[in-house]
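You will see subunit A twice below: alongside subunit B first, and alongside subunit C after that.
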Partner chain A sequence: MAGKVVAMSKKKASRGGSQRFSGNGAAAATTKWVGQPIRRKEENRLVSGKGIFVDDEKMPGMLHIRFVRSSYAHAKITRIDVSKAEKFPGVVCTLTGAEIKRQVQPFIEIGPGGAQKIADYPLAADKVVFQGEPVAAVVAETRLAAEDAAELVEVDYRPLPPVVTAEDALKDESILHPAMGTNQKTFKQAAHVVRIGRLHFHRFSSTPLECNVILATWDPRSGDIEYHCNNTFPSFASQFLAPALGVRIDQIHMKSFDIGGGFGIKITSYPYMAVCALASRKAGGRAVKWVETRIEHMQASAHGNERTFLDTRVALDKTGVILAIDSKHVDDCGAFPRYEPLGCVIWAQVLPATYRVKNVRIDMHQVVTNKCPVGPNRGYSRMQHLWFMERVIDICGQALGIPADEMRRRNYIRKNEMPYKTPNGCVYDSGDYASMLAMAKKLVGWDEWKKKQAAARKEGRWIGLGIGSTLDSGTNNFGQARIINPDAPFSGQSKVGIVKLDIYGEVVVSMGSVPQGQGHETTAAQVVADALNITPALVNVRPGFDTAHNAYTGHTGTYASQFAVTGLTAIHGAAMKLRKELSRLAAWKLQAKEQDLEFGVGGQGPEVRVKGRQKAINYWALANLVNVNNAGMPESLWDITLNCRHVFHANFQIPDVKRKYGNLTLTYAAQVHAAVVEVDRETFQPKILTYACVDDCGKAVNPLIVEGQVHGAAAHGIGAALLEDCAYDADGNLLTATFSDYTPITAMNIPDLMYGHMESPSPFTLNGAKGMGEGGAAPVHTICAALQDALYPSGVIIDDSHNTGDSLFRAVQKAESGGYAGMVRVEHRRASR
Partner chain B sequence: MYAAPFSYHRAASLQEAVKLLQELGEEARVIAGGQSLIPLMKMRMARPAALIDINFISGLSDIQTSKGELRIGATVRHADLENSSAGTTIPIVHDCAAGIADVQVRNQGTIGGSLAEADPSGDWGTALLALESSVICAGPDGQRTVPLEDFIKDAYTTVLAHNEVVTAIQVKIPPKHSGGAHLAFKRSAPVYPTASASVQLTMEDHHMCKDARIVLGCVGLTAIRAKEAEKALQGKALEEKNVRAAADAARAAAEPQSDMRGSADYKRLLVGTLVKRAIGIAARRARGESVPAGHEYAGR
Partner chain C sequence: MEIKLAGDFTVEKTPEEVYSFLVDPSRFCPLLPDFQSMEIVDAKNFLVRVKVGISHIRGTAAVKMTLVEEQPTKQAAYEGQGEIPGGSTTLRAHFQLEDVPGGHTRVIWSGQSSVLGHIISLSGGLLEPLGKKNVQKLIDGLQKALA
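Take a look at the complex of A and B:
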């Protein structure tokens, strides 16, 4: 029932932006296949059971590993005894934290100062800091024996007091304090100042169908470590693992084939990868496999960041335009920073959200607590901040009596202001948020619902209309890490693509990405088909990732909404290099001028031919000339390899670390969602009556894949808003370690989604595409906005991102007893402007 | 995840199942659909030494109607009932069967297993208590028939002796002018409800309620017959005042506990509302209307 609207916005010249897209100098090919909603190439393989997942892989003599985990959130380990486990039939060896500590270096920390002193080992040695933290491992001939023997490992703990909330953690010394500018003068000029009390963005996660799986072999002969695993950022993992394990990066062979979803959460599996390699070494070089169980995944893989927003002040002019925001944010990263503190800075990519506000001061803190460490989770770190900004917009709108749509219209960055430079130096490439909002409103029937809402209110019904505007900033500049740690030795962004002609003339593509369902094989084939004027069916894309293909840099992985930009531009660059080589070869063989040649598909497959004449040479013959039949080739053509590698570089600078200023991301896809939600007067259950997603990711390389990603992201966000919560009790026990308690969203919870698509091409990328797929948790903003609208007359302030019938029941009770008094305070001033 | 070691025995007949139970002792468990037992075993929260499989016993998965009684074999799957004519005859059976967990569980899980497990949140224990139901158990001394209200004694506890097996459930087909509904609120598909309510009404005429049975699920150690709520309707007109009194009495009868599904206060509120709505649907059905009802899910 998708009401599909496509609006095209014309590609406009870049105004004032420092970056323009520059390809590799070759003329852009036609876009016959790019932009087509073709079916995914990988579909048949996956739905007919031919996918190859890590757990499908078996190796001769393969062993199985089982972790022994802490049941405490915070405790001193007083004794570990593995002797009974080691005697269990089938057990090959065990590993303990104390043993591993002697063999490895602690993992690198990205954070500065005190964070550098955190000793993060893959198994806890002296002390555990979250429930589920691994303390020992048992390696056995079968998985069953490993599980049986793991129960025989005896561990004694002396419990320590746990810290489970950010506010408690803040009582100690906070770790990080990035802040920006000063707003005092602006607040003096404001017509209204709105003060907002504590807001809280809850902890939720991704629930990929396939949990973490690792198959590791540390070959005692070569000293090389082979990993077949589903880590989605293998270059990052290698750079953490090599120094910890004391090997060279080229000794780590990483490969993946098919991956059953990730959404960011699989980036942080490297501590387990280290243990599996050490286990393999101890077992004499036999392969060791670890298949994470769902409970392990829920307890101890990674959760999304939890964030608390305190002491917010908003200055507005008399028309409701926000002049300044001042707030203190506390991010709770769980027991170890690990991939953090990147999340502590990545939100700054979207500092003013979709709004023109010029003055923003965020006093950012990050704390550690006795909970599962956090990791990237679809919408990583930006969604928390965007949710905060959307709450600010709605709360201020309601406080001043300005409707939600009008409040946004007045504050949105305008289309004609693009590319737009944010107060902290980021450049929003393109976008037309007001038109997206108009489309979303049209899809849900906003104006009619407004009338129905007024009538329903008279009957005592609680119906609310909500808007969620969100940004999916993609292609990150790793230089942003330097805002946290000026000494961090990384910056920019890069990806590799390889396109080659094999011996019989087959077009073969190796991707520098780690796809987990995003359809990379299909979009890569579309781009190469256009570059060579052939069809996607003639392009053979190797599934998965393999360091042996040599298509990687230190940034290689699939994260940060970027493949459509970085991966495809790299592949396009490689295809254009190949085209040039084919053209030179064909010109020699056909005795023609290069400019007289054209590419296409002839009777004998893909070919290069002389325009208007019957002279052509197919790819088989061209590959033959280089690979098996090269006697007589002129020396001027000896540089031709037909194996073309291209590295994409984004035009980034290192941010100004002192001012915390700079361009942190290349593209900004946007989503505007609108929903109508009714809160049942008797059960307090929120029910979504209608829901629309409007998406703008610039030029859609494959609109079918884009729509699928939007649906998936919307489901994830609706689940987060209404169902999914990583809840801990005061002792640090995870209360939602199974799906029965965590309740990930199912088809029964998802409303019919209406979908609208707009295209504001990016001036900074090939074809105007932008990365997308994270969706920025738009439904969390949207549903909170609708609930706020429904319950505002009852005095409720929606102050948490997670809302259930139960929590709304308690919120209405709280409102009735005056519990929200002082939560929002409005100060009207005699405006000086 | 792997279960702790156990031995597996496939029973060819009820007699053999009973004999195996006697021989293998207290550590043996009967397995039918396995939708509760197997997850518990793989998490090693249950460690039976032996499993006795009753899935292959013939005649245990029949649904029969005779002499005003519906007889449901112990290994009848939830999905079988969802799609059977029994669900049309007794709508409460369809409401219940169609919303248990998800499709996979409904295809595999059995009604006998559900009752024998006696989970306080199990749907069948609630829905069937709104009807006149009894459980047929087979043991070394032959068969005995136990009324459902006596069968489940406490959370996860029934009157079944260790060497007994549930063989069938007998349900008296409600009279004409009787209608029922089973309503449950679930957060997502695979989980137990937060609260559920089953109501069976027999009407005197269009407005007067002759008899009422009201049962609350998930708000106590077993399903709760809300007898005060029933009294609020019996022999009375189905008007708003009486329905509200029944809902209030149901709330008072609930003994909920706080957990991840909801706080005790919220469950108490919810169960009363479900009772109120179930009364409305049951009355319409008693009057011959066809009304869809069953499980509701967060969000839609």
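Take a look at the complex of A and C:
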């Protein structure tokens, strides 16, 4: 992209010398490769068409499945007739919700109390609760036959009134989370109290190039189910599937190779996985493939959470420092909670956002509505809350006449306060938000644009400058689920890595992650190369994930910005164990002391040698000794397998459920974005004039990959802010089920991005790295702030996270008719602090 | 998406003649725009097939109609529900008859239709004018048939 400016002063400094790994108690190694911007190992395979995606797989006798979906958002199913479909040429069998209900148990629910009573089956049996919900499935020899036959399935519905807004849903008192504490005293002492009316974070989704794809085979002989799929959290899916399908977890074989993007949305594909397995069983064990269409994906896979913020009160001191925030938040999770109610608590990882505010009282509710169920979506749950906090900062700043940058500077958590404990017990590991802001302002030319803005306003132009500060909390503590459901049987975080020497001495790594474009193969190779003092090219990383090959725990998957911490620490631990085994073996063979050995690459490949002497043994010979030539090996070495496994455990405690207090995540990457946006006076279309992203994810394991991730997250956020919206009408119809209306961000409509990078190493991780990549939806906050700045003189308050030419036209009209009166009310009191 | 339309017209027929026409599916249904065929299930229920087409979306809709209200010479109402390409539709048509001196009848009509499904996102902007056009065609046809 043209116009890219990279501020790399700190990065250059960190590249020069070598650092030492610490932590894990393992022997130290130098970081020759970690921190280098080497090209991704997986690129050649992917760009030359050698990637293995699920839809590339073709199996003998493979069948295809097509779902029959409800057009109604809310309706009683009164009749389903599949007889005509079953007679259609090529059709092997059909499945209905009623039939499946007799064969499976409903999926487990994480939510407490009433949520436990929600019966979530893979196909709707009696009633549909969102448009696009599958009610039947047709299995046929070809995809086209399945599609044609699906149209012959007759379904009668009796429509029921749909509930499509969170506020309407709340009338039914579907409250999931009780209120916390009180801030009354702080509000009495405040110099200013700002009251803010309704704010709304809209519903959008991720748009992976590859939609959900599942290939399932239920072996009639063994009872085992084999899945080749692109689910990105397979251990989680297995835990839902096994009880529902009545099999043991070890009977579920999950594998994925290359995945065309995920962003969290593919975590919740397990209902479809269940139907595909049941269809395979009914078809006598033949493989059944489902390739989701784009409309199906938009309508019925998963969306990001929609959230409404009500009755917000903000107490500030006389200098504009926020003392307390009170607010009521209503999260709309669609028709089924599924992965929820984790979304009801994950936002609490970033409770005060990047700010020092000590008193925050959020009355959090979650409601179900007749819309597509939600699922984790890039920046999951946190971005909604961070957007709210950024709106609070900007609205209060404007109400009190404090510029946006100064308002942030006064309220940011300081660098010297790190590690910083939040009011709810989370610990921010490191960060320097003020310096990030300074870098972002410099990149975007803030001061110059301020002058241009003043001149442009005289010409009647609407130009605004905005800042968005966000956090990308990573490596989550699953114990946070207990804040919502004290009986939830999980906590902590773990990942596994395997590093082994194969029989001919190749270094092979199996990861406990499910990569989908994040460059895990490359960064894993960098870490192992450093551990063994070889080159990344000599490290063979198995692509994808396979329960038959890879070691895993119940936390295995790729989500929550954590691989750089969890996955790489596990792999590093395994590599160091292998190094120790190689060292013991070489010491015996070379008749030397272990402390006299060194690792490196010699004339015959990777080797272990005696320092200062011409004695060395290469990896082939070492592997040979263990695997095929081990007669005479002393018994003291018989435990050596050269197949080393290491489990990473994050040092978490179970949160205090009563106080809703505890450390919910390990690392906090940060992003500060700045933008200049103009709203056209004729068309009201917003246009980004300049945009800068500054990222701090601690030590960058591979700066090239980090920059790519920052670009991806920024693109996603810009799309969400200006283009993407899962809009529903009052009947529960999704109005934006195609890319014509949804308009995802692409290379064609993204502006040039300037990029700056800082490094505040985490004191809590192996090499100072922090998980990153989700980006906290910084552009949504930034663009809203810029639009607010542009239109505030016209009386507009930006109260929604999605803004288009149409919505801004209506906003200006609303302002002209006094529609924002009372939206922001300021009480000035005598300052007591 | 919901479409609601209402209006009235006067015809040179008695309320008895108008009423008997309205409650006779074999006479009333062919007036539906792009009518193809109908299948009478019983005195009050029948299945109507009509051609539907919005831009490139073409197909046949099967609509189950039910005569839900019968008040001889006063009023009649139909309700329907059916599948269309890419979605579903529900509709309700209500006719109220007023005796006008001279052997004439004033027909006060109202129609309500909902379209559901991903057809909305494919052709949402076209549906409302198309719906209005089709209702007008039905009313024009009804006036002509009763003339």
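Annotations for the structure displayed:
Assume the second predicted complex is superposed on the first by the 805 of 833 C-alpha atoms of A that agree within 3 Å, B and C clash if a C-alpha of one lies under 4 Å from a C-alpha of the other, contacts with A are read in each partner's own complex, and residues count from 1 in each chain.
Methods note: contacts are C-beta pairs under 8 Å (C-beta built on N, C-alpha and C of every residue); 3 or more make two chains touch, one makes a residue touch a chain.
Computed from a predicted model, the values in this text were never measured in an experiment.
In the overlay built on the shared chain, the residue A:P243 is in contact with neither subunit B nor subunit C.
When both complexes are overlaid on chain A, the residue A:T736 reaches subunit B and subunit C alike. When the two structures are aligned on the shared chain, A:A747 is found in touch with subunit B, with no touch to subunit C. In the superposed pair of complexes, A:D806 makes contact with subunit B only, with no contact to subunit C. In the superposition on chain A, A:Q131 makes contact with subunit C only, while subunit B stays out of contact range.
In the overlay built on the shared chain, the residue A:P159 is in contact with subunit C alone; subunit B does not reach it. Touch criterion met: A:L723 reaches subunit B, while subunit C stays clear of it. Looking at the shared chain after the overlay, A:P112 reaches neither subunit B nor subunit C.
Contact with subunit B, but none with subunit C, is seen for A:T293 once the two complexes are overlaid on the shared chain.
The wider contact with subunit A, measured as residues touched, comes from B rather than the other of subunit B and subunit C.
Subunit A uses residues 295, 735-736, 740-741 to touch subunit B in one structure and subunit C in the other. Those residues of subunit C that touch subunit A in the shared complex are 1-2, 64, 81, 83, 87-88, 90, 114-118, 120-122, 124.
Residues 71-73, 131-132, 154, 156-157, 159, 295, 299, 729-738, 740-741 of subunit A touch subunit C in their complex. Note for the complex: subunit A touches subunit B at residues 143-144, 147-148, 151, 293, 295, 682-688, 718, 722-723, 727, 735-736, 739-741, 743-751, 804-806, 809-810.
Across the complex, subunit B meets subunit A through its residues 1-2, 4-5, 43-44, 102, 185-192, 194, 260, 262-263, 265-266, 269-270, 273-274, 276, 296-300.
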